[in-house]
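Got a structure here, written out as structure tokens. Questions coming.
Chain IDs A, B and C follow the sequence of writing; residue 1 opens each chain.
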Amino acid sequence: MSSANLAEKNVVMLEEQTEGEQEINTRPEELRLIEALLFAAGEPLDEKALAKRLPQDVDVRAALRKLQTEYAPRGVNLLHVGNKWVFRTANDLAWLLTHESVQPKKLSRAAMETLAIIAYHQPVTRAEIEDIRGVTAAKGTIDVLLETGWIRPRGRRKAPGRPLTYGSNETFLSHFGLETLSDLPGLDELKGAGLFDGALPSGFDVPMPSDDPTLRDDEDPLEPGDLDLGLAPRVEGEE
Amino acid sequence: MSAEILQFNADTKERAEDEPALIVDVEGFEGPLDLLLTLARDQKVDLAKISILALANQYLQFIEEARKMRLELAADYLVMAAWLAYLKSRLLLPEAPGPEGQSAADMAAALALRLRRLEAIRIASGQLFERPQLGRDMFDRGAPEPIEEIRRPEWSATLYDLLSSYARERQKQALSRVRFAKRNVWTLAEAREALQRLVGASDDWARLDEYLIAYLVVPAMVPTVLASSLAAMLELVREGHMELHQHAAFAPIYLRKRPDFAGAGGTEPADGGHAPGATH
Amino acid sequence: MSSANLAEKNVVMLEEQTEGEQEINTRPEELRLIEALLFAAGEPLDEKALAKRLPQDVDVRAALRKLQTEYAPRGVNLLHVGNKWVFRTANDLAWLLTHESVQPKKLSRAAMETLAIIAYHQPVTRAEIEDIRGVTAAKGTIDVLLETGWIRPRGRRKAPGRPLTYGSNETFLSHFGLETLSDLPGLDELKGAGLFDGALPSGFDVPMPSDDPTLRDDEDPLEPGDLDLGLAPRVEGEE
């Protein structure tokens, strides 16, 4: 900071220190009155309501405009909504007034199993998941998984009903600490980890998973609107 | 300091029984101490320099008048009267140097202090309530904007959860599918239809199991498919649609459509009676 | 008004018009943030609660003091009550806002005195209150005060009968706009008259009123159930 700037800043600070005192002398009393009235009011007030409470000679509209200018750079602004006036915290500070609380949630067993099947067998449709699991997917299981942000609808199967195909995404990889999807262990590794016991039928296989976003031959691309069905994961900061 | 040190036999029952009891909290006074304080104020002197003797006299006189008017006084007032009468007598008598208890002067001073303390708290109370009060003189924001709570779920699962879920799920299904396949037998009708379609594709001798393997996806189906097709084949041969050939026991079985039967479709020929048996 | 005065006034008004713009440049952002937080809350917030929402390097106390000075001449003031901060309409504007006041139930003289005794002499038992007032407390006086939410049972005196001790709380300070109990009016007089000295019966030898919730030597903690007797002030947001 140049010394000239510094000097200027000092002057400003000096001015600020006496600001309060200055205001007493120069600030019209009606600004105080309107300030207090609007602050204490439980609802926006129109100029007529304000005028009724203020001394007769006050130009309410002018005073409000002046207050509005005064408060414009502040954390609280004076807004003119409809024909009424109201103090509101500044729009750009909305973030300050929301409290994000993180709610840790554990996936249900069904959701966990569905997720695992999507990961290994992607791209996979709801019907195919049901076929592998041997049970009808509880409604909402896929929705919950979409909410986790770990899976995504990636296309539509070229088959009657053109069902959505699901796959995993990058958030999935980073949550589970995988560099690529092919880091998911294969059958031998799973067996080695004791996750499968010996009694598997011959021919039992675990697919080599891939999350290559390129559509397969039996997939059609998503159509516009497919992501608006409330099925899409909420994009952070969307609101 | 307590009035209990005195035996007090108030003759309040003097009042005629038939007169209605008018119980008065001696109007306008908040108890005997308040009454005393008011009387003291009338002396218009500093409470620190007040004559407790004179005050006691005034109080007793007040009580006497109230009783003459047949006002029934609250017990608090009478207890105080009794105590003051006692104090008065002590104050008037030359102080005997007693080994125990307070001197009359101490008792008077203590009463004066009580009065000062009551007065002080009264003044303080008055000043407190003269202060600007919330909701009367000053106001909070009329329309607060409460802080919005956004609950963001954070899902967590471990890789172990994921893998064990997968293995558990696949294993469960693999085992149950095997059981399911065992029950899934190839019926004779199915075998017959399949064989007829198969054999229709070629006039040459062909190995039965080659045809079958082309059909079989699930290893578990092999026995039932073999059994059913063999039975169906024998039936088809008996009906004259096909010919079988086997070199030896357990050797591959060769199969072909009966040449003279070409184009006859699946329908039973009229001359089915002279169909040759299977060769070996 | 002399023409010189008029000229001066015009200059002042000219300055005021650019005030808003100036503030953008010079006013620290944390003042906006604190302003917004306190305006939005509508109830007193302590510095810790504020600090939690502000950037780490903000000197909250200093910023609050600055805001307090800024708002002192305005129709809305920043008050320090208890250890909390709150925006309130300036108390000289009560006349303007009478329509806002919900006529509070007027306390009896007995209740007012009892409140003063509790505030100045806390912790204090019912018997001690009666001793100072020289009269048996009318049933309900303490209940009425508990209902205002200004006093609270804070413990039990280590004495025969183990009577409840009462003290004031933050709502009391907030209602009367007091920063601390030592701002109670008339304290000097009371102290000057030796009314807080050892000459008083036991329990009144506290040099200074204090609402420090730490129990005194002659106090026991409340027992479970003590607060269930309908004696406890309703805690806001408890349900």
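Operating definition for what follows: contacts are C-beta pairs under 8 Å (C-beta built on N, C-alpha and C of every residue); 3 or more make two chains touch, one makes a residue touch a chain.
Note that this is a predicted model, so its numbers are computed, not measured.
Can you name the chain whose C-alpha mean lies closest to the mean of all the C-alpha atoms?
So the chain sitting closest to the middle is B.
Return the chain whose centre of C-alpha atoms lies at maximal distance from the corresponding centre of subunit B.
C
CA centre of subunit A versus CA centre of subunit B: separation in Å?
Measuring from centre to centre gives 27 Å for this pair.
Give, as an integer number of Å, the spacing between the C-alpha centres of subunit C and subunit A.
Centres of subunit A and subunit C (C-alpha means) sit 39 Å apart.
So what's the Cα centroid distance for subunit B and subunit C, whole Å?
A distance of 34 Å separates the two centres.
So which stretches of subunit A touch two or more other chains?
Those would be 36, 39-41, 87, 89, 97.
Can you tell me which residues of subunit B touch two or more of the remaining chains?
Residues 139-143, 145, 147.
Along subunit B, where are the residues that touch subunit C in the complex?
Subunit B residues touching subunit C: 1, 30-34, 36, 76, 80, 113-114, 116-118, 120-125, 127-147.
What residues of subunit B sit close enough to touch subunit A in their complex?
Within the complex, subunit B touches subunit A at residues 139-143, 145, 147-159, 161-178, 218-220.
Write out the stretch or stretches of subunit C touching subunit A in their complex.
Those residues of subunit C that touch subunit A are 12, 16-17, 19-21, 23-24, 26-27, 31-37, 39-40, 53, 69-70, 72-76, 87, 89-90, 93, 96-97, 99-100.
Going by the contact rule set out above, which residues of subunit C touch subunit B in the complex?
39-43, 79, 86-91, 94, 97, 100-102, 104, 107, 109-110, 112-113, 115-117, 119-120, 132-136, 174-178, 184-187, 189-190, 193, 195, 199-201
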